[in-house]
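Should a chain be cited, it is by its letter among A, B, C and D, assigned in written order, with residues numbered from 1 in that chain.
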Amino acid sequence: MANSKYEYVKLFEQPDQLLPNTWAVVRIDGRGFTKFANKYNFEKPNDKRALDLMNAAARQVLVELPDITIAYGVSDEYSFVLHKTCTLFERRASKLVSTIVSTFTAYYIFLWSTYFPETPLTAPLPSFDGRAVCYPSLQNLRDYMSWRQVDCHINNLYNTTFWALIQLGGMSSTEAGEKLNGTFSKDKNELLYSQFNINYNNEPEIYKKGSVVFRDYELVEPGTHNTASEGESIAELAAQPQSKTQVDNDRKRRTKARVVIEHLDIIRDDFWDRRPWLLSNKPGKIPKEP
Amino acid sequence: MANSKYEYVKLFEQPDQLLPNTWAVVRIDGRGFTKFANKYNFEKPNDKRALDLMNAAARQVLVELPDITIAYGVSDEYSFVLHKTCTLFERRASKLVSTIVSTFTAYYIFLWSTYFPETPLTAPLPSFDGRAVCYPSLQNLRDYMSWRQVDCHINNLYNTTFWALIQLGGMSSTEAGEKLNGTFSKDKNELLYSQFNINYNNEPEIYKKGSVVFRDYELVEPGTHNTASEGESIAELAAQPQSKTQVDNDRKRRTKARVVIEHLDIIRDDFWDRRPWLLSNKPGKIPKEP
Amino acid sequence: MANSKYEYVKLFEQPDQLLPNTWAVVRIDGRGFTKFANKYNFEKPNDKRALDLMNAAARQVLVELPDITIAYGVSDEYSFVLHKTCTLFERRASKLVSTIVSTFTAYYIFLWSTYFPETPLTAPLPSFDGRAVCYPSLQNLRDYMSWRQVDCHINNLYNTTFWALIQLGGMSSTEAGEKLNGTFSKDKNELLYSQFNINYNNEPEIYKKGSVVFRDYELVEPGTHNTASEGESIAELAAQPQSKTQVDNDRKRRTKARVVIEHLDIIRDDFWDRRPWLLSNKPGKIPKEP
Amino acid sequence: MANSKYEYVKLFEQPDQLLPNTWAVVRIDGRGFTKFANKYNFEKPNDKRALDLMNAAARQVLVELPDITIAYGVSDEYSFVLHKTCTLFERRASKLVSTIVSTFTAYYIFLWSTYFPETPLTAPLPSFDGRAVCYPSLQNLRDYMSWRQVDCHINNLYNTTFWALIQLGGMSSTEAGEKLNGTFSKDKNELLYSQFNINYNNEPEIYKKGSVVFRDYELVEPGTHNTASEGESIAELAAQPQSKTQVDNDRKRRTKARVVIEHLDIIRDDFWDRRPWLLSNKPGKIPKEP
């Protein structure tokens, strides 16, 4: 049937493909989460339930979108990494961002009652925004990940000290802010220890390191793989596309792999050395059941 | 504190502002909804509960984002319209799309149990993708809206006939498809009437017209306003920005206005003539309580 | 024949189409023209030969690219306007910008000796950069053109007074700059008249108004055409593309039309009222030879 | 002074920066050069004067824009490479493309009479279009360069045989085309040799290899430098920007270096191994005068 009179409006759709052969990171952020955290009385400086909920939602995003190789979360933000050879949705930015944001949001709402069984959600509901950024080299990607984890550390040390001053030291938030103004890490560590007998190093890893979510395979010995290798090359794939069997086989192993949530140092090489599948995009060996 | 070693990665963020003075439409679509509809046994050809849920979620998007002037939904898709003078999120495409998709998804999951009280959601959860498209002129925007409503009509007439052949006529889906192959609207109307005594015109408006969601003010007499007017001009706004009082006043009236869900013809001028606030972006008069 | 091993690099080419149904302006600017003007001893405040050369080059751009409807030039810049329905080079920004810049440059170099017969060009040669900007509405386009012409007026009044102070008043450039600091148009007009007996209104139009280049047809009576009309609509063209005869006919009339260089007020409606072909994109009537 | 009423139109300018840390190639192509070549009776299959003119123009582009590290030309096209750390014009695509196209065109017109002293140019003049493409990895860039040189070889072998069939074999162009249809490189080589006693290997390098233009420094021994190194890293530069002295020093050496035109194999590693400055973006050692 002739729908043609109006169909010309499709002309206005413009392409938005991400540059091929670049690492794409979709980062999502909670919208107005300071207010949201107050509404539901999130604990300060960290609310374990809220972080566990973020992690559970992120985990489900990886389960539903096997093209995502790794994700890193801290506070109300999460970064999802797509391998440089990824061609999901023809690399269309809007489609990638909206799908990840929507899937994450769906699980955040759905799983809320699991983590906050006694505080039902009411409107306005929590929501997230997101964007995609391309990183041309592996170093750029690793530096992005390191940036987020350093940020996690800086913010958590600050918040831990700030809330100790208030909750244990009886300061107002203004007083605590002024107290910390201009201090260095060392100063905050000392303040925590001398004044509140808190050894920051003993704080839970989830607060200090944030959370890493990825498909888990058998670890390899560092040094046995080339860390700098970014794995599959777009040139090789173009010259010799993977066979259907290979693709199917990879998919099966990815589906079989467990998606884990860890709180590890992702700045140092060791994390990447032992998990070559993260950068190579080739599934590893499924670990034997313990 | 020195986070600077990694912070250079911010250089890779690229701007994605939508062209000013264009109507922006964010359209979202259900991902894999054919499979999803089967999983939850959606009624064919239309599931009233599923449409009501879509509409309720869209309504909440307008409540939370007053910058959206009107939305149109059909099946598992929804189009949200931002006025050409809208500057929400500095018109950043990713931010607009992701926020709308996330808010919609949040309410879709949250309200599911209201509309499907006896079928709890299970993973994989429903999700949506989205994209933003700019329409430079009012005609282009109106044509976009007409395109979607014509599409609604075409698909609904087809589906109504197709499922009548199956549910009432005992055909297989292959047989029904073949029967309808090459038929025109007139043929389907006749077939429905002669074979199943269904007068398509008497089908519910929500199926035939889709759903329009907007802030409701007092209707005006057609002809008393300039329909072609697109209201506020970006040139005038630049020359003389609205006063804070004016902005606050507008916001209050928008917040007071009821967001309604209707099933009206949005192709003809009449709909727009009587609701000049949709195109002018100036809130109308709050209707008196009945 | 196997070129395929390397051909994958074509994947990196990304589309850059300008949004349809918007007026596109390609503005080019002389690179380092202050230095260039000094090298060739351009007269101050305006060098008639240099402006004539700019205009002659712009004229040839319109001759070679009939899709350009009008151009406006001042100093070392030129703006070329493409009608909102223009589909030249599928509206690819790079192709449009580079073609216009290259054609302009070619004629600038080629015609140099006509306008500067006694000063041969030597390396480094003059060159131009350019960019394309989309204006969604006719008002936006008209305002862009007005912006450039107001700029021409402001700069020319300033420069005329500045150089009078130096050339006739014996001031240094620093003294002249200080003298003019904080003055209004009225002050400069008075200074020119009282001190140097120069009536700014009597300055040549080419300096005061800049230059407009367009295809010339018979003027129409203002009021007999709809000024606000932007002519051909993208919706109509989509619904009913022009016949080949019509397209050929239009092309012939465009080719026949003389491309003229004028120095007129393009801010007021009158200019556009009398030349409806500029906005309608329909060639006018070829004027009879005098 | 108040130009503000119209100045809002600047809002429509949209950014177009190329992704940082990617190799950018600006490729320009002659517009309508088949027709142009006929107009000026270019010799077939190659016109040495025309190629020399292209090369001379490209050389001047490198002289005027020291940010360009290497260029490769064949037929009526030229590719200019900007190092991945290049920040010229803040990497704005339009500015980079238009400047390169304009500078090239200026010299092409200016130098025409040197290479075609007996055939003066007449309107319509030759012109070029261009576009920028980003290549994320060194391999992608090298593959792009290889692609162009393989294309040069394929086209030149075809054209050499095609024109031999016509000029020496007395065939029509249709006959020659049919004769070559479906042939492989080997077939064309044999045909040239057996029928016309032409050993393709002895054809001039400029035709077989195209032309490479770059700043020349002392060659280094292959194996003493890391070929895979892409030199300066954007991360290092961000962490520790070059000192002004270093920048000035580099600039001086670049200005001192001779820009040469060669016809070498750029597919094999050897070319790049011996000229590490091309990929490192660090000027080499100025060769001693012979």
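Keep in mind that, in the parts below, a contact is a pair of C-beta atoms (placed from the backbone, for glycine too) under 8 Å apart; a residue touches a chain by one contact, two chains touch by 3 or more.
Since this is a predicted model, take the numbers as computed values, not measurements.
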Result of counting contacting C-beta pairs for B-C and C-D, higher pair: C-D
For chain A paired with chain C, centre-to-centre distance based on mean C-alpha positions, whole Å: 50
Between chain C and chain D, centroid-to-centroid distance (C-alpha), Å: 31
Distance between the centres, which are taken as Cα means, of chain C and chain B, whole angstrom: 42
Where chain D touches two or more other chains at once, by residue number: 5, 7-8, 12, 14, 19-21, 134, 136, 140, 143, 234-235
Chain contact topology (line, ring, star, complete or other): complete
Residues of chain C touching chain B in the complex: 19-22, 84, 134, 136-137, 139-140, 143, 233-235
Chain A-touching residues of chain C, taken from the complex the two chains share: 4-5, 7-8, 11-12, 14-15, 17, 19-21, 234-235, 238-239
Footprint of chain B on chain A - complex, ascending: 1, 3, 5-9, 12-14, 16, 28, 31, 60, 63-64, 92-95, 97-99, 101-110, 121, 123-136, 140, 143-144, 146-147, 150-151, 154, 184-185
